[in-house]
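There's a structure below that I have some questions on.
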Amino acid sequence: MTWNVYLSGEIHTGWREEIEAGTNKAGLPVAFSAPVTNHAASDDCGVAILGAEQNKFWHDNKGANINAIRTRTLIEQADIVVVRFGDKYKQWNAAFDAGYAAALGKPIIIMHGADHQHALKEVDAAALAVTETPAQVVDILRYAITGELKGY
Amino acid sequence: MTWNVYLSGEIHTGWREEIEAGTNKAGLPVAFSAPVTNHAASDDCGVAILGAEQNKFWHDNKGANINAIRTRTLIEQADIVVVRFGDKYKQWNAAFDAGYAAALGKPIIIMHGADHQHALKEVDAAALAVTETPAQVVDILRYAITGELKGY
Amino acid sequence: MTWNVYLSGEIHTGWREEIEAGTNKAGLPVAFSAPVTNHAASDDCGVAILGAEQNKFWHDNKGANINAIRTRTLIEQADIVVVRFGDKYKQWNAAFDAGYAAALGKPIIIMHGADHQHALKEVDAAALAVTETPAQVVDILRYAITGELKGY
Amino acid sequence: MTWNVYLSGEIHTGWREEIEAGTNKAGLPVAFSAPVTNHAASDDCGVAILGAEQNKFWHDNKGANINAIRTRTLIEQADIVVVRFGDKYKQWNAAFDAGYAAALGKPIIIMHGADHQHALKEVDAAALAVTETPAQVVDILRYAITGELKGY
Amino acid sequence: MTWNVYLSGEIHTGWREEIEAGTNKAGLPVAFSAPVTNHAASDDCGVAILGAEQNKFWHDNKGANINAIRTRTLIEQADIVVVRFGDKYKQWNAAFDAGYAAALGKPIIIMHGADHQHALKEVDAAALAVTETPAQVVDILRYAITGELKGY
Amino acid sequence: MTWNVYLSGEIHTGWREEIEAGTNKAGLPVAFSAPVTNHAASDDCGVAILGAEQNKFWHDNKGANINAIRTRTLIEQADIVVVRFGDKYKQWNAAFDAGYAAALGKPIIIMHGADHQHALKEVDAAALAVTETPAQVVDILRYAITGELKGY
Amino acid sequence: MTWNVYLSGEIHTGWREEIEAGTNKAGLPVAFSAPVTNHAASDDCGVAILGAEQNKFWHDNKGANINAIRTRTLIEQADIVVVRFGDKYKQWNAAFDAGYAAALGKPIIIMHGADHQHALKEVDAAALAVTETPAQVVDILRYAITGELKGY
Amino acid sequence: MTWNVYLSGEIHTGWREEIEAGTNKAGLPVAFSAPVTNHAASDDCGVAILGAEQNKFWHDNKGANINAIRTRTLIEQADIVVVRFGDKYKQWNAAFDAGYAAALGKPIIIMHGADHQHALKEVDAAALAVTETPAQVVDILRYAITGELKGY
């Protein structure tokens, strides 16, 4: 069985690549998916394809809906959803994805730094694991998929 | 992952072929499905297989139910449902398919000309994208599946 | 038990009132619901509450989404969905509602004149009864709810 | 029918009371519910009932889980979910609730100021209405429940 | 709590009345429902309301679909489904109802005489109790609802 | 796409083989499944594996439950369920399967001779096609899967 | 809103009565339900109603299935499921109920003494609160239902 | 079709290997899955990956949640769930898994010695087969998958 793992959230650091490199190195049967991480494309996809809008709200609305074609499909097909909260921006879409995954009953792994702990308490409580580093996510995937735990 | 895309609606122009050609050219991993687009076969399949009916209502009923074996199965298996409204006929089956897909939570892309805009407002509001051309549908599929947006 | 019956579709004749009068006369325990039947209010509710839009598409989109708050909630709570197709307009929202109800597994009663028979064959095939008059709908409700059939 | 409306999000201004006052004045059949809006109680409920924790993470975890007994039950029973984003804090629990409600197929009304528009685009796109004031929410509830639109 | 109990199957003996009398005597909070038990009305409801059919198949089809408006709604709302198989007729609709209830996860109580034991083994295996008499059904309802068991 | 077709019902004639031969000849991508058609094995599987029972009821119960491991799994994975009623026996398990498939929303094709028409009216009304011969089932599968209709 | 709370598990101490007394004293709108707590009746209900069995397995099987009519219905209707593990017996049915409730997405409160902590770790991890005393359960119900927390 | 079979429960004897050897020898198309059976790793996975906890409760909680990423995913993907109760320990997680699988509608096979019969009556009653040996499980899998029954 190939495990489908969706990597939601922060798009400005290389955490996805670190997790993918780690799982590849471990030889895990994982297929990763993610939202479009090209920030400009993600913002403009709606108007670029469907035509410009004068009003910023509709500019964003068109883009967000097209992004939803990708993101909801992939979340629904995921076996595990990982959501990372970074240091910048409001990241409400990350929390939205976590809520969406929770209502679907998906196993959720959250990743964030210690400084966000209190603000994320409801999100963390809905998760099966709260991590700080990509290496921890890789360790969890290795254990959950193969049963191997370093040193045991 | 292969994306299953169901192409519902108008059967008298080559919009399906245009979308398929565009996605093939783009090398997208898409498996298309559609209702039977042979109009006469679609009308007569019930009586041709199960025996003639004097009453036109039952003639149509037998056919519509056999068509439903195909269409509902394929809509339920689709990751994305595209529904096109053309210029002619009532096309209530297209709107029915859109409602059916909406209740199943499928991402919906609508395609129609500007003159149908007001009449289709409820259907459009249930969609994640409202397009006018097959090329726009191809662009959306390319972006949703690969994350590629021309010029970004 | 009170039966919830949603009356979808055509809004320019008094078919809803006829059905309600008939069921009241028959003393049936039915609670009817319906979309907003004030055509202008239904068209303009979005911009009237949330602010004007220059673009007709967004004018309609805002309104259609607010109408959906009402219509989808009531369809989902309905025990039976009646959908009437009248003589005018495209009525794609009626067909959309029928598809939506069908995917939810709701018992559907369709009402339309004989001239729409062929165009509605897919919709009719998804229904448990195809009627022409409000009196027939009342008879079905009486029978389904109380088991009483005139003359039996 | 009484409509169940869940009021999620910001807990430091009187927006809930304004909506309730407006719906009461309008005589609407609405039963409102909400998370516990006593900030300190919401933070401490876990340790106050189940015993202190040295580690802040578990302090928060215990509380967040007990709050979830209330919030998830009420969201699941809601006919409409309203989510307000205020000016302060991260408010990730509000976005989480919006995602949770979206995956359950609940009609969502979002309320926020114009300055949050871009950051909330994914959340707004999942909503059937995006408002700025409690009065707009009351107008939507009046229209959705009774069909009445001022001036129509 | 009122328990909804649907009484499916044989319509030519007074088993429903016996169960209802027994539960009334026991003061149980049960609301019973059932298919239309007037055999002629059940057969003819379709053509009586919607117009005659020359072909017996469509005569029956119209009626069966109208009966389904009642029976499926009531089975879906039932807490417990009781299905009785009598001595006469094929009673395929009773077995169909049992299968329908089983797929919905409803608790099923079957009632039949010993001579049908082998033929009903698949149906019996899907039930939580297999009874022979209305008194046993009443005893089960009393126990399941109140916890009272004679002599204990 | 391979279509999964479950062939339920009568086990004493070669109708399954005829359908399989016809679909093979037509080159259709169909994977058939069926209950165990060895009558004695089907009756005795419970006691043969789990130990003898003195009481015929438990003999049958053990077997029926083991058969259900196979039949329910396969019905739930089927895209189309075909149910044949033969001339002999009560065949309540066939009607049970039809009800089970109906509640799961599976497209159902019924096959039976004309003499069973009235007794099967509720079952037929739940089907999308009512056939008399294996050849008709093959024709429906060919049309539903490939869109090909002889002579069109 | 009345909250339905199912009290599963240990039947030999008065913990249910303590919780009910506490919630009554607090004036909470709670309707409690529970399995049959008469041990002998619970063991014998099957044979007492349906006839004796020589084999203890079937004696128990008949009873367990009749108990399931009650327990599964009540668990499915519960807003909150409380499961208590006592000091004696294997109590596998309590753990079974916890798993059943977890798969249905019910909020779960577990109650047990400290000595069972390790053995119940999987069950505790599926709960939103792990308590030791009836008073804690009452405090949680008060907080979850009314938002009131002593001292806040 | 490959059948997914999840082997839940006791981890201190070789019953899983016996079943796997038997099905391999029989050439059955089965893919087995199981919880992590390394007892120490299963206990410590949470703290080993996510950091130590002073409190044993949180030590266990972290581990149980990470184990749940594996176990719930695999149970939900299983076609058949086998649960074995051994001679030692409380094994509440095994009963929890059985309840979880039951609520998901999975076919369940229970395996235990005769001395646990009465204590497991509710669990057994939710199963389609109650076995004592791995060989019986293999026989059931062979029969359910291939229809072959020794001697028939």
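Per-chain numbering from 1; labels A, B, C, D, E, F, G and H assigned in written order.
Rule of thumb we're sticking to: a contact is a pair of C-beta atoms (placed from the backbone, for glycine too) under 8 Å apart; a residue touches a chain by one contact, two chains touch by 3 or more.
Computed from a prediction, not measured in an experiment: that's the story for all the values here.
Where are there more C-beta contacts: A-B or B-C?
B-C
What rotation angle superposes the Cα atoms of chain C onto chain D, in degrees to the nearest 5?
Rounded to 5 degrees, the superposing rotation is 90 degrees.
Between chain F and chain G, tell me the centre distance in angstrom, where each centre is the average of that chain's C-alpha atoms.
41
Hey, how far is the Cα centre of chain A from the one of chain E, in Å?
Roughly 49 Å, centre to centre.
Could you list which residues of chain H touch at least two other chains?
Counting only residues that touch two or more other chains, chain H contributes 65, 68, 130.
What part of chain C is in contact with chain E in the complex they form?
Going through chain C, the ones touching chain E are 1, 3, 79-80, 107, 109, 128-131, 136, 139-140, 143-145, 147-152.
Would you pull the chain G residues touching chain E in the complex into a rising list?
For this pair, the touching residues of chain G are 31, 33, 36-38, 40-41, 44-46, 48-50, 62, 65-66, 68-70, 72-73, 77.
Over in the complex, which chain B residues touch chain C? Could you list them?
For this pair, the touching residues of chain B are 56-57, 60-61, 63-65, 67-68, 85, 89-104, 116-126, 130.
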